[in-house]
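Okay, so chain A shows up in both of these, paired with chain B first and chain C after.
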Partner chain A sequence: MKKSNDIFLETVHNIQQTYGYIPEREINQLAEKFDQPRAKIYGAIKFYSMLYTEPTGKYIIRICDSLSCHLKDSHDLLLAVQDYLGLEDGETSSDQLFTLEIVECLGHCGEGPVMMVNDKMYTELTKGKALEILQDCK
Partner chain B sequence: MKRLEIDNIEVEVEPGTTLLEAARKINVNIPTLCYEEELSIFGGCRLCVVEVNGGELLKPACATEADDGMIVKTHSPRVREVRQTLFELIIASHDISCELNCLTCTRQSSCELRVVAEDIGISRMRLNPIYRGLEKDFSSHSIVREPNKCITCDRCIRKCEEIQGIGIFANSARGPETEVTTFQDKGMGNVECTNCGQCIISCPTGALHEVYHSEGVWDALYDENKHVVVQTAPAVRVAIAEPFGAEPGTVATGQLVSALKRLGFDGVFDTNFTAYLTIMEEGTEVVKRVTENDNLPVLTSCSPGWIKFIEHFYPDYLKNLSTAKSPQQMFGALAKTYYAEQAGVDPEDIVVVSIMPCTAKKFESRRPEMNGDVDFVLTTREAGMMIKSAGINICDLPEENYDNLMGVSSGAGDIFAASGGVMEAALRSAYYLITGEELEDIDIKPVRGLTGLKKAEVPINEDLTLKVGVAHGLSNARKMMELIKEGEEFHFVEFMACPGGCIGGGGQPIRADMTSEEALQKRLEGVYSIDSSKKMRRSHENPMIQKLYDEFLGKPGSHKAHKLLHTEYTARGLN
Partner chain C sequence: MVIEKKFLKGNPLKDISEYDFPGLRRALSLGQENVIQEISDSMLLGRGGAGFPTGTKWSLALEQAGDKKYFICNADEGEPGTFKDRFLLEERPLKVLEGLMIGAYAVGADEGFIYIRGEYDLPIKIFREILEDARDEGILGKNIFGSDFDFDLTLVRGAGAYVCGDETSLINSIEGKRGISRIKPPYPIQEGLFGNPTVVNNVESLACAAEIINKGAGEFVALGTDNSRGTKLVSLSGDINLPGVYEIEFGCGTLEEIINDLGGGVSYGNKPKFVIPGGLSTAALLPEELNCGYSYEDIEEAGSSLGSGAIIVVGESRDLVEILLKVSRFYMDETCGTCFPCREGNKQINFMLNQHKNKKFTRQEVEIIKDIGDAIAAAARCGLGQTSLSLIESIFDKFPEELIEEVRHSEKVRNR
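Up next is the complex of A and B:
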């Protein structure tokens, strides 16, 4: 069954919403649905940094380290968060609570440094504020 | 028609022609890396940029259509400046190090980057190469991937998807992080890769190459306790002289034998002999299954890339495959039984080496059901390298004959190298097996040539007309399987994984100086010139084959033949 490609992203988002990531068996099914090699589906998913092919933590913490945030000491913020979580870039905690990612611009360059927790954006952060936010994540 | 001016030369082209094609028409060479004639346009490397009508923005010639009145400059100072800078950027992403890794690279003598550097007239290299520290992929028995050498030109991805119809590669991530990878980063050995090696032929750098077996062969050759025998496939003889500067299609059978004897092999044999045996076994099976209407059509089984393809994509049809082993594996099985007996050597001490135009043969030799009968498989390229490094130029050698017993071949074996060859050889013998008479008009032309899908009807007797099909290149194999699925009737269908058959195999020499189409055509002419020059062109006429059956195997399809010369297949699906 061949489906039009324009609903591909929507389909993938739905799967991610259901499972928190795109499991291998779902990629196999997408390949059949869209009549494409499964490597190609995999590549399309990997193109987007906010789509995952492995399970992630309950909270995905994204810290911007692009130019504007960097000038506002995002690196310091990052070190503090890394220290608190005990995670390096891209890692997920063993209790599956947190995934940490250092990311490019999140679109709030005037309000740096910024951090995202799942879909919520926090701006003009200090180390203290960031740790408070993380402590509330349970 | 569109009229335009390229480098002050007027040119007229069909609408839809790209500037790159128009320039090539008047022998202006615009350098490219990501462009390949038979693949779709990618426009990624940007090396082919040209100036159009003096415009500010340079245009990629591969992706820009020629139009009336265009004034194109392909090598103006501005273009050359931009092109040099682009090339510097590409090279910085390619793993060139001060450890002189160019010298050990598989593409040492066929590097497209070097050719392009020369075409551009590169005079500076301002950027330090970026070493990405990516891991090599050693998961496959046939092919190694070195992603640090990859310049993400996309050619392997397009070759696999567009020409072979599979698509095991994909780009992952974006920008400078872009990486060519396989499904779930599983590695080529753990996905639906058929090991055909066409990606290696397309790669402009050394990012893809075969799993080397040459070290093992050197060790065996210098081990006095080992009796090392080698077989050479039909398609190797029309390509082995290429690394020594000869044109594709140059027939160097005798010189190859001579070179291998100098290397120190204890016996040099012709895979044609077992190609021949394959025909006897497969032909017998075809006749039996056609008469009994048993799982038709019979599908050929000699191309290991095709076998892996059907195991992954059409596992329901495995019962249609001929159970005959490929010539390579038949040779291995006989070398360690019949030959060991004849030569009075302990089979344990025999090392069997194959020289094949093929990377998938390496995987085939490692299949558990093949019992390790073939110890090492060298591609034509590896054999060329070994011969060179022994101080031998194959073109200077006198011709020698293959060793006996497995050495007498009929022309029917030589044409195995080309698409349609197995079919033609099998028909010559099947005709005899059914009618007891020789096929008079021996050239069966409709199954020859480079058309992707070929069909023919061969009248055998009043009651029976054999319907046969031939497909080469895996996209065509898929089309043929779909026809069969839809119910089109065939008795016997030949499949070859590589475009053109074995002459276009993934283990053949890589040409930086001509398109693969041109090389194929020349090798094809070489193959048929050998066939037509041979007196004995029917497999069943070979006296050695008769002797082998009389003394050892009994008759085609016998119990012993089944044990040694037939095999089984594995339904793999997509896991």
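Up next is the complex of A and C:
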């Protein structure tokens, strides 16, 4: 029987939960544990948009701009958040507080527009509500 | 008047101490062949989007030789507009677990995985707790309910890759590889996870299977149409007044009735510009095409597909080019890159769509887009590529006046 720490993705998620990203020394250890060249490990990690090999901001802000949210004005929300944070898609603030990502469907299409702050999902947002949430991120 | 028909929906069911797993108990007393017979009799079609008969899949998996088989629940819901699996994972997770265990028992798998997309934080938390409780209660483990059925289930969190909803990509992902699709055959039921026969089923399919074994195939077969039995969870979103997850008996009404009676009508303008009946990978339908019944066969006849059951309504005065760009960016970002016509084609299409002049395209540009689309559909290994142009092509087909620049008469003369 496989244990969940035999599963690569689960192991990597757990490392990321500890460090906030996958540091290089962990990639070395993963290579040993899963008996794979480091390039394969690195290649697998880089495939997934939620896995990071560099430090991210303390808060990862994900805004869905897929069709259903787009019809609910997610683009305006996105512009307001970009303006407030001074960040483009994929950028991290210099104080390492925020990383901003424009993402595809988050599965809350009936409650758009939506924004995820780390693990927490905020639905039916207005620009004002979104900025309030961001102001509380310290 | 279309109303909901509740076969899968019900009170929240999350606490393992309050649930007796009647479907699983019945399955264990029926025996493997009889369980599969009952699922085949129910004519259940896979609810993830492809619509493959679940009974056939299980029976092929049972026939496979070998001691080691795997059973996977695909909870990597990512088709834009779809949120019905999340509904089940959050509200009725024990039915999903029960269906998964019935399937594992039926095909002879002793080990399983539930692969939940990484963005679904609440479902992940719910399942983590359920798996712990189920192990403590002996619902997972050895000799389940006193039978000779042993089974353990592991939760795997996805990490943000839409393509992992494809079963072969999902298998690669669990194996710790890049989530790229595999060449078929061999199909997963022949050679899947770690080279062993593997069944991959969608969340809703498994919840259906649990209810079918619990209530009997008869009740399920009695619902729906000849070719679409039972009910379907539909995710309504977009320009609609009452978005949400609704359970609909196949054939109980038309798309238009679903949008008006359950969805409360269009919220942006007076009527839809078009409706996407099954998620971003399905062709658009015009308002006059919405009087088709809600079933696999009727929507196919109307020129689209029921897909994942995600109905997205797009209001009358929406900008088509903006929508085309949104759709094409999705496929450009989410293609896994293995089949190069899909990787390069979707990129080129996004590039070409960005070159519009005053929101218009020339006939030649549209032909090139269709050509690339045909190449992708013919060459792509998985459903992502094969259907990546369905919506974009249908929008060009259905709104030529709005999107295609007519060659002016004077130019025609000059070209002669």
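Please note the rule applied: the second predicted complex is superposed on the first by the 132 of 138 C-alpha atoms of A that agree within 3 Å, B and C clash if a C-alpha of one lies under 4 Å from a C-alpha of the other, contacts with A are read in each partner's own complex, and residues count from 1 in each chain.
In this text, contacts are C-beta pairs under 8 Å (C-beta built on N, C-alpha and C of every residue); 3 or more make two chains touch, one makes a residue touch a chain.
Bear in mind the structure is a predicted one, so any value in this text is a computation, not a measurement.
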With the two structures overlaid on chain A, would chain B and chain C clash, or do they fit side by side? clash
Answer with first, second, both or neither: which of chain B and chain C does A:K129 touch in the superposed model? neither
Per the contact definition in the header, classify A:K120: touching chain B only (first), chain C only (second), both, or neither. second
Which of the two partners, first being chain B and second being chain C, lies in contact with A:F47: first, second, both, or neither? both
Dominant contact partner of chain A by residue count, chain C or chain B: C
State whether A:P37 touches chain B only (first), chain C only (second), both chains, or neither. first
Applying the document's definition of touch, where does A:E24 land relative to chain B and chain C: first, second, both, or neither? first
Residues of chain A that sit at the chain B interface in one complex and at the chain C interface in the other, please. 36, 40, 43-44, 47, 49
Given the complex with chain B, which residues does chain A contribute to the contact? 24, 27-28, 36-40, 42-44, 46-47, 49, 53
Over in the complex, which chain B residues touch chain A? Could you list them? 161, 166-174, 181-184, 191, 574
Given the complex, residues on chain C that touch chain A span 77-83, 86, 111, 117-122, 152, 154-162, 173-180, 235-239, 243-245, 268, 276, 280, 310, 312, 314-315, 318, 322-323, 326-327, 330, 333-334, 336
Residues of chain A that touch chain C when the two form their complex: 1-4, 7-10, 12-13, 34, 36, 40, 43-44, 47-51, 62, 65-68, 70-71, 103-112, 116, 119-121
